[in-house]
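After this come two complexes, each holding chain A, first together with chain B and then together with chain C.
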Partner chain A sequence: MSFRHPFPARNVLRSAVLLSCLALAAPAFAQDRTLTVGQNRDPQNLDPIDTFRLSWGSIGSNVFDGLVFRDEDLEIQPGLATDWEFLDDDTRIRFHLRDGVEFHNGEPFNADAVKYTFDRLLGEEGLKGPQRSNYTSIREVVVVDERTVDFLMERPDPVLITKLAGYGAMIVPPKYIEEVGEEAFDMKPVGTGPFQVTEYIPTVGVKLAKFDNYWNGEAKVDAVNIRFIPEDATRIAELLSGGVDISMNIPSPSVETIEQNPNVNLLAVDGPTVVLTRFDTSKGITADPRVRKAIAMAVDRDTIVQALLGGLANPISSAQSAKSFGNDTALEPYPFDPEGAKALLAEAGVEPGTEITLDMPSNDESFREVAQVIAAFLGQVGLNVNIRNHERSVYFDDIIENGKTGEMYYFGWGGWTFDFDNTAYLLYHSGERNNPYIEDEKLDTLLDQQRETYDREVREGALQEVARYAHEQALDLPLYNLSTIYGVSNRVEGFVPAPDERARYMDVTVK
Partner chain B sequence: MPVFRFILQRVLQAVLVTLVVTLFVAFAVRLTGDPAVMLTSESSSVTPEDLNRIREALGLNQPFHMQYFDFIRSLVTFDLGNSFFRGSIRDLIGIALPSTLLLALASMGISILISIPLGIHAALHKGGISDQVIRVLSLVGLSFPNFWLGIMFVLLFSIAFPILPASGFESWSALILPATTIGIILTATNVRLVRTQMLETLSAQYVMVARAKGLNERAVIYKHALRNAAIAIVTFLGLQFGNLIGGLVVVELVFNWPGMGTLSIEAIAQRDYPLLQATVSILAIMIVAVNLAVDLVYGLIDPRIRVA
Partner chain C sequence: MTDTTQTPALSALGRFKQSPFAKFEFVAGATLTALLTLLVLFSGVLFPGGGAEVNLLARLAEPFQSWAHPLGTDPLGRDILARIVHGGRISLIVGLLSALGSVILGTVIGLYAGYYRGFLDTFVMRFADVQLALPFILLAITVIAIVGPGVDRIIILMIVSQWVQYARLVRGSVLSLRQREFVQAAVSYGLPNWRIIFRHILPNAMGPLIILLTLNVANNILLESSLTFLGLGADPQTPSWGGMLSEGRSYVQTAWWITVFPGVAIMLTVLGLNLLGDWLRDELDPLGKTR
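Moving on to the complex of A and B:
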């Protein structure tokens, strides 16, 4: 369906109706240079250490800076630190800080602010939020002088520099927080970023204004109005009707509608999120690697990507995207081969017509279709799949964590560091909350090893070995890597889609 | 004094109902999931100790009766306390409740403006073509799911003819589409009610007497028939208000209206116990209060009802 405007009388009608509602429509018509963005969720709290939500990233990344930042090509760039060096056998990392940076409230950025940020994250306040656990490899931050800090490490952390671009490591202003208190900071935080928060209305939106003293150039729009619109259909309607200039979180069923509309464009980049079905490797027929391989060979992933996801995803051979550190390009997914699958199932003694169960969370519209297609593919090799839906938190909190899944179950993960360590550890290391079934000494050793060294080659080798081993054993069935999709109006120029949804609006202009 | 006794009885009943509702809500929400897990579900390196610390900080390790008591105290003192994740609940409700009430009143207003003239017209032309058309249309109206009608309005008035905002509440014109959506759905029922009530009163003896006196038709209809029919209609609208608040949730989502429905849904998804308890309880209290008010007014008007 396309929503063009074939009626020449539109403008007449529009002005007539506009005139008649003029009395009603008086307040809040946006100023000229305001960019309006629609996103699906309210982060509910703007303090960087209180959240893990992607919906924070597209706001906070415009308000805060870290010591480093990761650009849209996923390269780490200097941020509030100009450079850094590893000292004392990598147990101390020294950061040299940028001069002449100030927070939105006029407070200067310096070594004390860095120390305060990490003391707060690792101390009492951090305990209440979800970010702290990512940074516990840091023992202490020590101020050397006004422009230099040392990070003393508790243990090696090869992903630390990337993590310093993450939410929890965003630098916050000590004086401001002490003055206004933690609760006020949740609602109206202050950072060093190109925009400052002017108003945050829960469930409605956030308004940002250009910060004139930004250290790294000047934003091209005066203001950004970020609206929270949870309903997909409503968000798309706002994009098509011009109510928002950029819509984040475009669901794959809406791709066609947007592509056909002449006033909006679709921008897609490979995102961090991978989708897989995992197996109960501990019991039942899926304890047999031959059965798991057979299932992998019976599912045609290219068809799923093309027919259901509009081509906006890439088939994967391990639980990571092509951009992820640790991805092995030589590793090929199992080929689509229903006959081979049948033979393997027969060899494993699985009777045609055997019933298996696939568990999934009920609110995932796009995977629901995928699950049905997987069931159809498996039906063709003689496995009858029952799809069981669970409410999302019940699914992750109980069904997966307590190992109550059927033979197959859905798992989706956005490894925000784009480093396979993040995903592989939680999928394959024994005792992890999301890994109820796999206990494998070889995997544990490889995963622990790569966490103890900063040597990129050693780490890459170990992570690729994990990927290969998981593939050989068919521990799970990696399906695809989802694209991050933005709908952007023709009025917008200069928007670079961020793979990790940390959209930046500094260089965007609106006609 | 029987009137006092009656009022006291009904008020005590309402308080009891409210207590049962809040107890049920507080109990049920805790069965469904752990907010600490929800909070960290997108984090990759969470240990059981981390989860325990978060539970401790959120007060989840306290026994249920303590948590419930805290909640009731916050409700009674109108302080409402803090949400797990997003600050003062009173501030959140302060935005959501007026928006929901505004939308509810606007929809009822639209519905009354349409259904009273149409209902009277249908009653006066009973069996005629216009009566048939009105009845068929109201049946069609009853059969629409409200979210579907809402989406159709958006497609028509925001995308095909972009004259009204598709969602949100950034300008007063944004009220038109959601209020009309619910207004039309309400009208479908109300037209039938007005028609039936008018038919009943029009055939009553006092209307015959009025006509026999030689009063003109206008005076008969508006002064005698409509006034008498109004008692039943007003009562029904009062009760409908309660249902309406419940039905708003879906329409609020479609139009991204910053109301109580949207707030409750978010609280459910997050397992934000304090916020969910507060929103559901306030909605329940409102419905109980409207029912109580209707009860009292009715009882005062018609002494037969006081016998409880």
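Moving on to the complex of A and C:
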């Protein structure tokens, strides 16, 4: 576990004075405690099977429960299922369900609700959204009795239990959906979580109210008001002026601003998001592994992390964080060695002054700085880097997907399962939409192999082999694992930052 | 070879007494513009590195503390003063080229449409109406999303969307000038059309054109800054005023100098050009007679 330093309040005296002022005003609004949160994006749809956005996680995780639940230490805990067992050579998984749970509309939670949830996910309705593909290893869910269900497996799925804590596996109420219809459910969903949705206004925000009959205790605030504030500077200004109590998605350039303010704390926790620059391995000078290695050796990642990102990131040697299953701690990043890089480039016949292009999405402020520092490092070994900006959706849906990038391009990914399978498959398996260039039989075999077994050792071995192979070939340049950074007002107590951005507000209080 | 008619408008230059404010406008406008042009012309000599050297050890240095970085440094440790002086290049190149391109295109089309009328006139002017209704920023964002970013594209986009103003202005002047006696006289002398257009009509339509041109240059410098601010302009390593503003946005509360100095540079440039344009208007059209 590696929660990092909630920064201590700078000025205790001033906080005390402020507090006493607040105490005088407090009785006026003591009856209705509302927590206000600012986040950068609107998930646009609150139905759990219609989305894969992180912006849904920080709303939906307060409204829904799954059969299992992953806590802030990334440990799997019992949720709506109290325990589970593997039967018939792991082809059948039996879940025992919790008693006395009800949905926000009063509907009881039972085996039928579980079956309905997965029939819906794996059927027609699920086909319309992005979640279904994560769960196709399940053939069918069978009701054994009111409190027991069996999952019949199509094929082994080692990450299934983790995935049951994921978005697509959130348990939904059958009667409510049949009554109001799918479209109404998108806008006003009902779950079994500690808060219920009272109002959702697209692009503006979501209002949540405490659910009194929650099975696992009681929320400490009466309401949560989540506002969508896409502009970083505005969201941070709202935090500093007291307009929001918690601001999510703090970009690294703003860290200093928040650190200097005595009324606001910075909470950072190792996140799932890794940032890398990938190479066009199919043509140009980067088709030569020596050139790719030289580029990796020319960039000083430690300096980038310390000087630019304020230390709120960790250098990585493969496209996964230290917490990820499949991470090989023995694998070291290429050492910073500009002279060695120059020698390798000369060996590969690359003339000093050769121009290469680095593509990136235009709205990523923190990477824009990093990209320019990378360009400066590469300039020192004789590569002139042009940085090309693209509008975000154009970048991901066209430039990357259709292989129109320059020699290098930005890629960031948050593997929410914290299992390398999630990221490695989409980065290295041939034919994946985010992998326009790499087609490698060895990687395909390894990646397919580890998807077919529950044996943790075999899987870990295969995933580490993928990471080592990618490193040896320098298929990409893994840069760093970003911390998830939250700005939190002094008024807030009990907020535990979630590494996967699935912020939970149940135990939070506002003074 | 002599011409029998005179060109009234241009002879107005210098005929009227200048008010003290007009003098001030000229002096201030000309000084600012000349200073900027000089700085930009000699930017390579003054700061040979182009403000591109990254030095993470000197990041976010405060202004007015050392001669090495008189205006401080940005988050990557680059010298703000060097970047402002070099950034002026992009602003000036975009401002001048785009205005020049649109004034040439617009004037040719406007002269033709106003002088010959006919189908082309109707077609071009309706087309112009449509184009004026399109917001430039929206057009720019859409086009750049399709063809990719770049300074050259921004200039072309500006020309394509701004020639219209010049065409309308010139066409209007031509329509009224055609009826004037000196043009009628030229026609009755049997002068060729091209000669009437360029010797008699164009010089008399110049006044408002020059005024619009100065304002247009200023306006396009602002537009370039906005587009770069939105991340749609130059490579972020190439210094430009809009880009500097955009990069400094997250630091406004901790390092004001990153945004304030390029902001001041934009303001002074636009102010200089506007003052000059104002003064020119008074000079070329002292009675405020231009349509």
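As a working rule, the second predicted complex is superposed on the first by the 479 of 511 C-alpha atoms of A that agree within 3 Å, B and C clash if a C-alpha of one lies under 4 Å from a C-alpha of the other, contacts with A are read in each partner's own complex, and residues count from 1 in each chain.
In this section, a residue touches a chain if its C-beta (ideal position, glycine included) is under 8 Å from a C-beta of that chain, and two chains touch if they have at least 3 such contacts.
What you are looking at is a predicted structure, and each value in this text was computed from that prediction instead of being measured.
**Student:** For A:Ala376, decide between first (touching chain B), second (touching chain C), both and neither.
**Tutor:** Second partner only.
**Student:** Please determine whether it is chain B or chain C that touches the greater number of chain A residues.
**Tutor:** B
**Student:** Per the contact definition in the header, classify A:Ile387: touching chain B only (first), chain C only (second), both, or neither.
**Tutor:** It touches chain C, and chain B stays clear.
**Student:** I'd like to know which partner A:Thr34 touches here: chain B for first, chain C for second, both or neither.
**Tutor:** Touch status of A:Thr34: no partner.
**Student:** Where does A:Arg368 make contact in the superposed view: on chain B (first), on chain C (second), on both, or on neither?
**Tutor:** The second partner, chain C, only.
**Student:** Of the partners chain B and chain C, which touch A:Gln449 in the superposed model: first, second, both, neither?
**Tutor:** In the superposition, A:Gln449 contacts neither chain B nor chain C.
**Student:** Considering only touches as defined above, state whether A:Gln260 meets chain B (first), chain C (second), both or neither.
**Tutor:** second
**Student:** Which partner does A:Asn216 contact after superposing on A: first (chain B), second (chain C), both, neither?
**Tutor:** Touch partners of A:Asn216: none, neither chain B nor chain C.
**Student:** Going by the contact rule set out at the top, does A:Leu127 touch chain B (first), chain C (second), both, or neither?
**Tutor:** Only chain B; A:Leu127 stays clear of chain C.
**Student:** Report for A:Ile201: first if it touches chain B alone, second if chain C alone, otherwise both or neither.
**Tutor:** Touch partner of A:Ile201: chain B, not chain C.
**Student:** Which residues would you name on chain A as touching chain B in one complex and chain C in the other?
**Tutor:** Touching chain B and chain C on chain A: residues 233, 240, 391, 394.
**Student:** Flag every residue of chain A that touches chain B in the complex, lowest number first.
**Tutor:** 3, 5, 7, 10, 13-14, 17-18, 21, 24-29, 42, 44-45, 50, 52-54, 127-134, 183, 186-187, 201-205, 227-231, 233-234, 237-238, 240-243, 391-394, 396-397, 413-415, 422-423, 425-426, 433
**Student:** Name, in rising order, each residue of chain B that touches chain A in their complex.
**Tutor:** 32-34, 37-47, 50, 53-54, 57, 85-88, 91-92, 95-96, 151, 154-155, 158-173, 175-176, 253-256, 258, 262-263, 265-266, 269-271
**Student:** If we count contacts the way the header does, which residues on chain A are in touch with chain C in the complex?
**Tutor:** It comes out as residues 232-233, 240, 251, 253-254, 256-257, 260, 303, 307-308, 362-363, 365, 368-369, 371-373, 375-376, 385-391, 394.
**Student:** Give every residue of chain C touching chain A within the complex, in rising order.
**Tutor:** Touching chain A: residues 52-54, 56-57, 59, 75-76, 141, 144-145, 148-149, 230-232, 235-237, 247, 249-254 of chain C.
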